[in-house]
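This is the structure, below, for whatever I ask next.
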Amino acid sequence: MRQASNARKRVAILGASGYTGAELIRLLSRHPQADLVLLTGERHADQPVDAVFPHLGGLDLPRLVPMERADWAGLDVDVVFCALPHGTTQDVVSSLLAPNGTASTDTRPRLKGDAKVIDLSADFRLFDTDTYAQWYGHAHRAPGLQRTAVYGLTEFAREAIAAARLVACPGCYPTTALLPLVPALEAGAIDADNIIIDAKSGVSGAGRAAKEASLFAEVSEGIHAYGVAAHRHAPEIEQELSRAAGAPIIVNFTPHLMPMNRGILATIYVSLRNGWTADDLRRSLAERFTGEPFVRVVPKGVAPATRHVRGSNHCLVGVFEDRLKGRAIVVSVLDNLVKGSAGQAVQNFNLMCELEETRGLEQAPLFP
Amino acid sequence: MRQASNARKRVAILGASGYTGAELIRLLSRHPQADLVLLTGERHADQPVDAVFPHLGGLDLPRLVPMERADWAGLDVDVVFCALPHGTTQDVVSSLLAPNGTASTDTRPRLKGDAKVIDLSADFRLFDTDTYAQWYGHAHRAPGLQRTAVYGLTEFAREAIAAARLVACPGCYPTTALLPLVPALEAGAIDADNIIIDAKSGVSGAGRAAKEASLFAEVSEGIHAYGVAAHRHAPEIEQELSRAAGAPIIVNFTPHLMPMNRGILATIYVSLRNGWTADDLRRSLAERFTGEPFVRVVPKGVAPATRHVRGSNHCLVGVFEDRLKGRAIVVSVLDNLVKGSAGQAVQNFNLMCELEETRGLEQAPLFP
Amino acid sequence: MRQASNARKRVAILGASGYTGAELIRLLSRHPQADLVLLTGERHADQPVDAVFPHLGGLDLPRLVPMERADWAGLDVDVVFCALPHGTTQDVVSSLLAPNGTASTDTRPRLKGDAKVIDLSADFRLFDTDTYAQWYGHAHRAPGLQRTAVYGLTEFAREAIAAARLVACPGCYPTTALLPLVPALEAGAIDADNIIIDAKSGVSGAGRAAKEASLFAEVSEGIHAYGVAAHRHAPEIEQELSRAAGAPIIVNFTPHLMPMNRGILATIYVSLRNGWTADDLRRSLAERFTGEPFVRVVPKGVAPATRHVRGSNHCLVGVFEDRLKGRAIVVSVLDNLVKGSAGQAVQNFNLMCELEETRGLEQAPLFP
Amino acid sequence: MRQASNARKRVAILGASGYTGAELIRLLSRHPQADLVLLTGERHADQPVDAVFPHLGGLDLPRLVPMERADWAGLDVDVVFCALPHGTTQDVVSSLLAPNGTASTDTRPRLKGDAKVIDLSADFRLFDTDTYAQWYGHAHRAPGLQRTAVYGLTEFAREAIAAARLVACPGCYPTTALLPLVPALEAGAIDADNIIIDAKSGVSGAGRAAKEASLFAEVSEGIHAYGVAAHRHAPEIEQELSRAAGAPIIVNFTPHLMPMNRGILATIYVSLRNGWTADDLRRSLAERFTGEPFVRVVPKGVAPATRHVRGSNHCLVGVFEDRLKGRAIVVSVLDNLVKGSAGQAVQNFNLMCELEETRGLEQAPLFP
């Protein structure tokens, strides 16, 4: 393996006033090789970060600025983390990554030639233009970038990520489901048919927007399914599973909202291929993830819990025998704001900059 | 329909110091035709109820007494609600219901000839002695009663319940799953194979025992599966589904513990029979439950939430089309302490005593 | 005491789509002498109630209508519950209660002559026009009504409430604080100086408006003070304490927001008058509330908890000796949506209509 | 200032299977100059740490051993963190720190001569033997050590801590209250009379013991006061305030238990000395804490919230003017398991070992 670099990187976060942006600040402000030089936020422009997120007080951070006032050239940004809303990101990124036009009238802001973009929105996750248009309701406005972005599920795409200029970080649900399912399919352990993903998520995944459905009194002391058979993470899961299986796969994906801040648990019901047992599948996954710093297959009989990964970049996977003959139950947990979002983005950042992959992500989970 | 009776009934609650017992007191103390004449509790014997459950203060209730001091004859008890721990109930009930012995030395307490027992434990739910022994680890000690008890899922067994001397109230998970599944199977709408029941429960189902796993700090802000493929409610669900289908059925039943006090949500994945659609299934269930006071099939597109049944005897059922061809998703919710336990017991009490079935159960849910 | 009436009353709820409105529906839909004939809601006009509040499904309720479409004459409304936002209520009520104009052009909706209004907003709670203007930032637009409205803290104003045409129900915090403080002052047990009220509230008090500060992720797992020395319930508390003491009183009132749906706990720090002990104060309050159906002074050593009044119209009060000589600690708890709002409104409704005072409010608290 | 040392320290944690022990592991396993060489736990002896605390999986940690099997000599322990229950600690520590006896029969385990002990229990916090006996119900069994231990509220005792062999870390409530109150008294800003400390705590402070009062269903969705005028942290607060004021002080300390895992918020009601305003007090505290890495006085109008310090060693302090003339309200928040316990212990460890004081404590808070 190549020696990790000791370089420091100058980092921008676009959309720093949402939960994902705050989580990027939490991680990157303590990252020993990252300097936060630019934070954008429209609604809170010109405010200090701790006026918006008091838990980030006491850090030495630049003030929030609106995006059009960002001094890209002056700040000499190496890497941009993009935590903007879905749909608006594609215009921003295509501007930032545009080749230098010859026309002197082209004054759009752009990054220096070797700068990189790590996108946390959904804009570049789906590579098929039709699928994108079908699920997001409009034609993609940067189809060229869409086709060349690298899907940044770190454990499965290290080389491509390291070489990429634009990485599309996976959604939180897809990360939870794909980490065990992709290697299970690749090993030929499970059928591609009838994969059922019953997922339970905390509320921070819905963001900081003031919506009735996210109010404390609407969420606490209860659970409900939402977006049944219609959640936009379904095509993303299917895209990657199809790639792993080499054939189109449709899945059941049923998300539920439950009263916790952080965490996703996916209970995945699969049919084992002939000759495979649940124990075989657990062993196969354990082997696949041996040496992985952030993914751990727990021993037989142990049930992964979201509270055991809270605040960390960890994913825990458990495999159980089903009472239904020939079937297994796979349970996967992670923190949606870390491995499901900002943490995985930092992990990709490390790869893209040739830093130690775990740099800035060493914290142990916070329990209780 | 027969005219409902106006009689008052003299009622005992055995095991009144647990959550189920307290819920029975909550409901029965406001029941216009029930008089609580006996409350037993071993650990808190001789204490007033509100020393154990302060929320029940201000009611006019008898003190807790240990069971061996209960004055059955003097109290002239009409109905016994039995909320004792699993395993200990069978001895108590078989004593209470024993025919009068001739031997003058037989001094065991017993009920008067026409008194009835409503059991909320698991002791009389499984009718097959082998299945019971396999799941509970010991031979049943009252196999005669075990075979004659009526499984008290009210909506499916009204006549048998009305005529029974001993009713075994279903577990909270089985009630949630069976209410939509039994009529779906009876209608021939779904396959008996590969029924997957992913259930999420609040913590009160674990009772008031001081266990590390039920501590606030172990439960809040998280979710985990437990008892995977090994929960004792699985054989109970299978017994009733097999009866509905007329053939043995094995199911996947995967319970999860989540941070709420009350409520169970079951997401049930089923395969539709030829010619059936999810819409057909919804319509069929809606018809089946027309006129039912406590079970409601919600309109297409509406997702049932546990918080919408909190504190009430209601069960809500929703049906969704799956992205997987030929499959449907059924969501069922109820309050585990009401329709999943004490409420259904009161519903059965009303039937057994020829009272109005909804008597004492009219409260609307408490939200937020 | 006069015989309670058996009459049925035709009831309207204005602002039925907020939490307070929903709580009024929960209580009144089960009230044996109330018929809900009109529910207004602007944002959700023409929707059935259960589209807005699914927990109220299965009840036989009129659809929501916008206020200007209410057919007051045709509906023959006896009593109006007004759960509209602060500030907008005064115009509505002054129109509804206006005497019949002689001018034929006066087409404003108005109630029949003997109809009554029970207001749950803050509009008519402060009787002093200057105080109102100072705290609410505008001159009152119905000063005549403001001066004649009865402050509806039931336990202290039964006769006036029974005779009133317009009752202003107290705020949730004031109810919690005043129930023990008014009789303590009237008994001469405590000093009027330096009363400190440290209050902790659940989130439903903030209403169903989509505000960032009420999001699950902003509230759960934490606590903070808000509106310190600036909360509008302070002048309301002071008005009533001054009336009880016969001299102007200023208090410390410090509210905190904490992660629960329902409930307020006020910890009140008081200085005892010469010769009084904490035990004396407890006895005095217990005597004062003897026979009260909804207020209970708990025994020495017992700490009232909000969870013991959840969903009920109860208020529990405890009194503790302080380690500071000559001082006592009073703890008061209630459910902000019931005794702190909709429940007390129904209690006043019963008084105003000469019904049994506890009618429709008999439910025991819901725990856990 | 002296140059910080680069030495590595060999560390033991006694009582590693409670929440405080787990938090010490979380912090020390990532501390760049600490090597965890010994973890004791009686109930879970011989188990790996992650069998007891799954969130600590993936770390390279020694197994739990019972204390009597600890190989003190062989492990060459430099520093012992003692997270044992109150009452049992004094015997353990007095043995560990005993001078080498001459009698060859003295086989008690003892530390090497320059090893240090950081105690997180209450055993060495009260220096007066009578006060200890009065509040803990038995005579202290190591009164010599009791008198010489240093009270480890880091910000106020750095020199003594650095020189100490035994540091008694303050309780979580005392830390929260003392951080603002000690400098306020020392500055002569507030009266020593009638200090009222209304404190609200999360549940983890009660530890991992299986107690009914700590069950999820007993804590969630509610709040109550406990240990009113009788909590053992009162004499600890009074001891340190008396020291600061140079005269005996009695305080009101009223703790409340509320549904969150971590965090304490203390709302402190004080009387200002002549000439002082709330703004003066805020400025005075801000000056006193200038340069402190972990204590921050927030600007006027900002309300500290526990969720803004979660998982961090931070304490935030806010000061508000009271409506009562001449009084102020001080709000102080911290994470009871970090600055209120394990974090402050690590801070003291750094001082005692001449390491950088913030080492291992740099993480930003976790929100949401």
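Letters A, B, C and D name the chains as they come in the text, with residue numbers starting at 1 for each one.
What we mean here is this: a contact is a pair of C-beta atoms (placed from the backbone, for glycine too) under 8 Å apart; a residue touches a chain by one contact, two chains touch by 3 or more.
Please read these numbers as outputs of a predicted model, since none were measured by experiment.
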Chain pair with more C-beta contacts, A-D versus B-D: A-D
Remotest chain, chain D as reference, centres from CA atoms: B
Same-site or different-site touching of chain C by its copy chain D, using the half cut: same
Geometric centre distance via CA averages, chain D-chain B, whole Å: 47
Whole-Å gap separating chain C and chain D, where each centre is the average of the chain's CA atoms: 42
Interchain centroid distance [CA atoms averaged], chain A/chain D, Å: 37
Touching two or more other chains - residue numbers and ranges from chain C: 19, 203-204, 217-218, 220-221, 259-262, 304-305, 307-308, 310, 368
Residues of chain C that touch chain D when the two form their complex: 194, 196, 198, 200, 202, 217-218, 220-226, 228-229, 234, 250-254, 256, 258-263, 265, 267, 269, 303-308, 310, 320-325, 327, 329, 331, 333, 368
Residue numbers on chain A that touch chain C, as the complex places them: 19, 203-204, 208, 210-212, 214-221, 259-261
Chain A residues touching chain D - in the complex, by the definition given at the top: 19, 22, 25-26, 29-30, 53-59, 203-204, 220-221, 261-262, 296, 298, 302, 304-305, 307-312, 314, 316, 362-368
